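Two complexes come next, and they have one chain in common, subunit A, joined by subunit B in the first and subunit C in the second.
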Partner chain A sequence: MSGKRRLLQGYTFMAPALAVIIIFTFVPIIYALYMMFFKVDLLAGTRTFVGLDNYGKIFSDPKFWAAFKNTGEYVMVVVPIQTIIAMVLASLLNSKIKFNRLFLSIMFIPTLTSSSAMTLIFMWLFNNNGLVVNMIDSLFGTKVQFITNPDLALAVIMIMNIFSTVPHFMIVFLSGLQDIPPVLYEAASIDGAGKIKQFFYVTVPQLMPVTFYVITMGVVGCFQIFDQAFILSNGSGGPQNSTLTFTLYIYQLAFTSNDMGRATAMAFILGIIIFMVTFIVNKVMKADEVNG
Partner chain B sequence: MKMKRQNNILKTTVYTILILYGLLTLVPFLWSILTSFKTTAEISAGGTFFPEKWSFDGYETIFQSQFPTWVKNSLTVSLAVTILNVIFNTMAGYALARIPFKGRQFMFSMLLMLIMIPSQVTMIPLYIVISNLGLINSHFSIIFTTMINITYIFMMRQFFINFPRDVEEAAAIDGLTRFGTFFRIVLPNARASLATQAIFVFMGVWNEFMKPLLFISSPDKYMLTQGLNALSKQYMNATKWDVIMAGAIISIIPIFIIYVVLNKYFLKSNDQTAGIK
Partner chain C sequence: MKKLIYVLLSLSLVFTLAACNSSDEDSGKSDDSKDQSITLAVWASSPAESNALEETVKSFEEKTGIDVEIEVIQDNFQDAITARFAAKNAPDVFYLEAYVAPKFINSGVLLDITDEVEDPDDFYQPLLNAFKDQDGNLYALPKDYSTLATYVNTDLLEKAGYTIEDVPSDWEGLVEFAKELQTKLEDGQAAMVFDGTMARHLSSFIASGLNPVKDDGKADFTSSQKALDYLQSIVVGQDGGYILSPQIDLGMDWSGAAFGANKAVIMIEGNWVLSALKQDYPDVQYKVLPAPTVNGKQQTMIFTVGYAISKNTKNKDAALQFVKYMTGEGQQQWSEGSGTLPTRISVAEKMNLTEDPNLKEHVEGAKYGTPWTSGITLPIISQSFDNQFQAALNGDLSVEDAMKAAEEEANAEIERQQE
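So, the complex of A and B:
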């Protein structure tokens, strides 16, 4: 077959994908790189060059720092907890137990649920007459307000996120566990290590690459948190900016304040943060792998 | 003897943890289902875990609202997007794996880079592109922006790299063209990968919240997730959680049915980076 013919075939097969990616991903990226130096007012149809002014405004904006703090806290709390729960559950399911398929099938259900349905379910659980509030009331005799309390609203979203992403990562860990050679466990067992020691000395180190993947995906996902915060706070990020996440603030800047240039600049900062954190996690974990 | 007793304790602990976590998973859903059958009066009074009086008011309210339209919108868009994704991602994956054309390596590297860029970066310019194309408030805005998924292009590329070459060569000898081979020989052999792709694409669009929020503005065009949000705003202050929960539960049912029927595709890791390494 001639090179020309292969070229034609190759591009014919790629054409639909290429067209969509160019128009709806590539063009927007280039456009974003341009927009972040402008003040864009879509309603008035004006575009004024402002240089780095968008960035200046962002860094002197207390709401930006509130969103930064909330999202940072969110990542620091959610990622370790969900990674540990997913790893432990996967190891338990992987030990020779009965009904593990049934356990797995039940535990996977939260992953199927849309963020909007899940948020409504959790808002009801943590509402005034909701199950959690009622249970705390009957145990401790106090009615705790969650959704309207600036100290607790973000915690509800954290719990929800852990609840709905653990099953997915559990499956990832399970497939990682199946790749660990049984010989390692036999050797450890001959050396007198019990099941719990085996977990820490064989399972955890052997799962390192999978754990790296899970942490990275967790960090990337948590930094992008939007749907739950938007629905829970009705788009406001309240009470008192306590659920204002990075992406929610980008959305507000673009579609409430009509300041698309600044919103794009902030999205770019988010992209850089995600990239850097992923890079650091990668470095730290790789170093561990070599030493350990 | 001692070892055996220790093992029994360990086993009991394992089962206890698994059962507790299983319950923890189920209780929010059970509670929501039971709520959807309560009366609003019972809900605002606090009430018990089980309904004192079973009521279908929540579901009646739902079906008299625009909810059925939203279900129809979501079904139509999700099905269209799924079909387009399966065809186009697979074609692209096939080309990247099997047709050695000029520029292929460059394209692969570009895709690798694009997949790492978070959607927030493109969100606002994408809105402007869609609005310039006159697609705001049209379902095509969602279809066009979700009809390709680089992750599944990589998954299919990986599949075709491992696909035996001689099957294709035999087809070529029999006089089939590249397109003929692709549609008649290659695709039928890729059924399992296509099913995985279809399931996760469908679920992704069905559960998508942000794109409808950005692109769709009139209630008769709402996607289900967006409609649910609107519904909750309408009924939350009146503590009509029976209505809201009825909506949430119905919205989960289609995915749940797919899950029960095609369970095996869900419970294996489709580790999406596998294609990249």
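So, the complex of A and C:
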């Protein structure tokens, strides 16, 4: 069979998937790149060219900087914590403890729960008459308001997100752990390394490609945090913009301000930020070398 | 091998064509077919309302022979409708909330129905005004509405040693009364529960001489000291523990639940609580009073939803007939089935609503209330209010500073939008 025909055959097999990706991913992206230079009224279907005005408006908006700060903080806190917890839990499960399948199933439940349901549960736990607040009250005698306090509202979302994403990443780590050849541990123990040293000098470096994947997906997921913030603040991003995230801000621009042009420009900025952060993570972790 | 490739190629072609075809058919249904079929987009509501809608639509179909296809949009109705308009695939008729009506009217996507209304004076005028533009042209007909009223849990009230006559009818008095009442309640009970969003307070602002949406669309929260005092009384009340938020302070889903579970004595709520109280808390004893006067003026909020017709509908006549039927001849059937309040005075009289002690004040409210709508910038302004008023409730900012911040935030956004 000639090369050309082989190529044709390949593309034919890919055609259904390619068509879907092109229609539902590439075309919208290109359209968004075009829309960000316009002032768009979605309802009336009118648009006027405004050049880079949308960017000027975004950068002069204090809400953008509030969203920038919140989302940045969120990523910086959530990604490292969730990665570390997931790695440690995976190593524990990978050792020969009893009932590890049972633990695995129980621990996986938070990931399966829908994030909206999870948010409602957490709001119930953290409201001013909820379990957590009353427990702190009876232990320390102070009433801490979580959801209405701008300094703590985001923390509630952070805890919730860590709780719900850790199990997923734990499974990813677990499969990575099972790929590590046992001979490495054997060699390490002959050299006199204990369990803890083995973890740091064998497990962690061997897991590097998986860790890179987990961190990348974590970063992307955290930058796109939306539903939790939306439900907790009723869509307003309050109190005082403390739960306003990038995606919530995009949503507000698109549907409250009815300004699709600015929303797409903002989405583009978010895309660039995620790209840059991933690029830096890639460089720092030298993922290419480990993978390659 | 060659054959296989052709088979595959033609298969994939068939699939793509099939996909195109089916979507063509879909849009064809709503666009091209005879005048005898229209689409109606509604949001998902209670079983009672869904049934009532289906029944009323069936009566309409039997009477006129026009086929009505009901599309239920499960969530984020406004966003979905906006997207449908953007995709040039708008439903012929759809539910339009008064709150977002100015945005739709301003975009010019709705059919002007000013001259089509039969007997417009029969509607409660505030309801009709909610769907008019600045020039008085009408773009939707109200299908039903809710108003706020004061609900008093008489069991708890009497246990605390008061009677319903002791409950003051003005806001200032009510706040004082709540403060006194709180001292006689058990732990975990609130004299009054409140909702801190602007949707509940617009009419009180207006009664205090403040119009938060100025004529040029800009926000104004600070020009009236009386309005600031009004907000201050809520902040002081929350601080003092006698005006509480059901979700945040009591851990209940909403005020109706707090009220029904005997955790709140007074709440200012809409008539939507009635069915919940009847079904979920049948034992709770209560009386319904008018919403308190503010600054000596009668006030309440009106929340109303109308039927709007999209301008580019191909079935204009059928759509008009439908909307007129649902807000005219068919309204009694709809109101009785769904338990909502009719927007026509004649229907309300026919249904003897003012004789129902629970509904009387809600129906009266339709005459003097303020609809929850005020120009295209209201969503931005109310979002800023909701975002910043919380800071005043926390004690992070004084009411005046919080309102200043809300005003600035909203105005900056409005300027960016209008540029």
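Following the convention adopted for this analysis, the second predicted complex is superposed on the first by the 260 of 292 C-alpha atoms of A that agree within 3 Å, B and C clash if a C-alpha of one lies under 4 Å from a C-alpha of the other, contacts with A are read in each partner's own complex, and residues count from 1 in each chain.
The rule we apply is simple: a contact is a pair of C-beta atoms (placed from the backbone, for glycine too) under 8 Å apart; a residue touches a chain by one contact, two chains touch by 3 or more.
Remember, it's a predicted structure, so these values are computed and weren't measured experimentally.
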With the two structures laid over each other on chain A, which partner does A:Thr25 touch: subunit B (first), subunit C (second), both, or neither? first
After superposition on the shared chain, which partner residues are touched by A:Ile97: those of subunit B (first), subunit C (second), both, or neither? first
After superposition on the shared chain, which partner residues are touched by A:Asn127: those of subunit B (first), subunit C (second), both, or neither? both
If we overlay the two complexes on their shared chain A, which of subunit B and subunit C does A:Gly238 touch? Say first, second, both or neither. second
Classify the contacts of A:Gly141 with the two partner chains as first (subunit B alone), second (subunit C alone), both, or neither. neither
Kindly classify A:Leu42 by the partners it touches after superposition: subunit B alone (first), subunit C alone (second), both, or neither? both
When the two structures are overlaid on chain A, which partner does A:Pro16 contact: first (subunit B), second (subunit C), both, or neither? both
Subunit A: partner with more touched residues, subunit B or subunit C: B
Just checking: does A:Met107 make contact with subunit B only, subunit C only, both, or neither of them? Give me first, second, both or neither. first
Just which bits of subunit A does subunit B share with subunit C as contact spots? 9, 13, 16, 42, 123-124, 127, 129, 234, 255
Subunit A touches which residues of subunit B in the complex? 6, 10-11, 14-15, 17-18, 21-22, 25-29, 31-32, 35, 43-47, 49, 84, 87-89, 91-92, 94-96, 99-104, 107, 111, 114, 116-129, 131, 144-145, 147-148, 150, 153, 178, 182, 203, 206-207, 209-210, 213-214, 224-226, 228-229, 232-233, 236, 239, 241, 244-245, 247-249, 251-252, 255-256, 259, 263, 266-269, 271, 273
In the complex, subunit A touches subunit B at residues 3, 6-7, 9-11, 13-14, 16-18, 20-21, 23-29, 31-32, 35, 42, 88-89, 92-93, 95, 97, 101, 103-110, 112-117, 120-125, 127, 129, 131, 134, 163, 167, 171-172, 174-176, 194-195, 213, 220, 223-224, 226-227, 230-231, 234, 246-247, 250-251, 254-255, 260, 263-264, 267-268, 270-271, 274-275
Residues on subunit C engaged by subunit A in the complex (per definition of touch): 1, 5, 8-9, 12, 15-16, 78-79, 82-83, 85-86, 88, 103-104, 107-109, 188, 197, 247-251, 376, 379-380, 383, 386-388, 390-391, 393-394, 396, 405, 409, 412-413, 416-417, 419
Subunit A residues touching subunit C in their complex are 1, 5, 8-9, 12-13, 15-16, 19, 41-45, 53, 57, 60-63, 123-124, 127-130, 145, 147-150, 233-241, 252, 255-259, 262
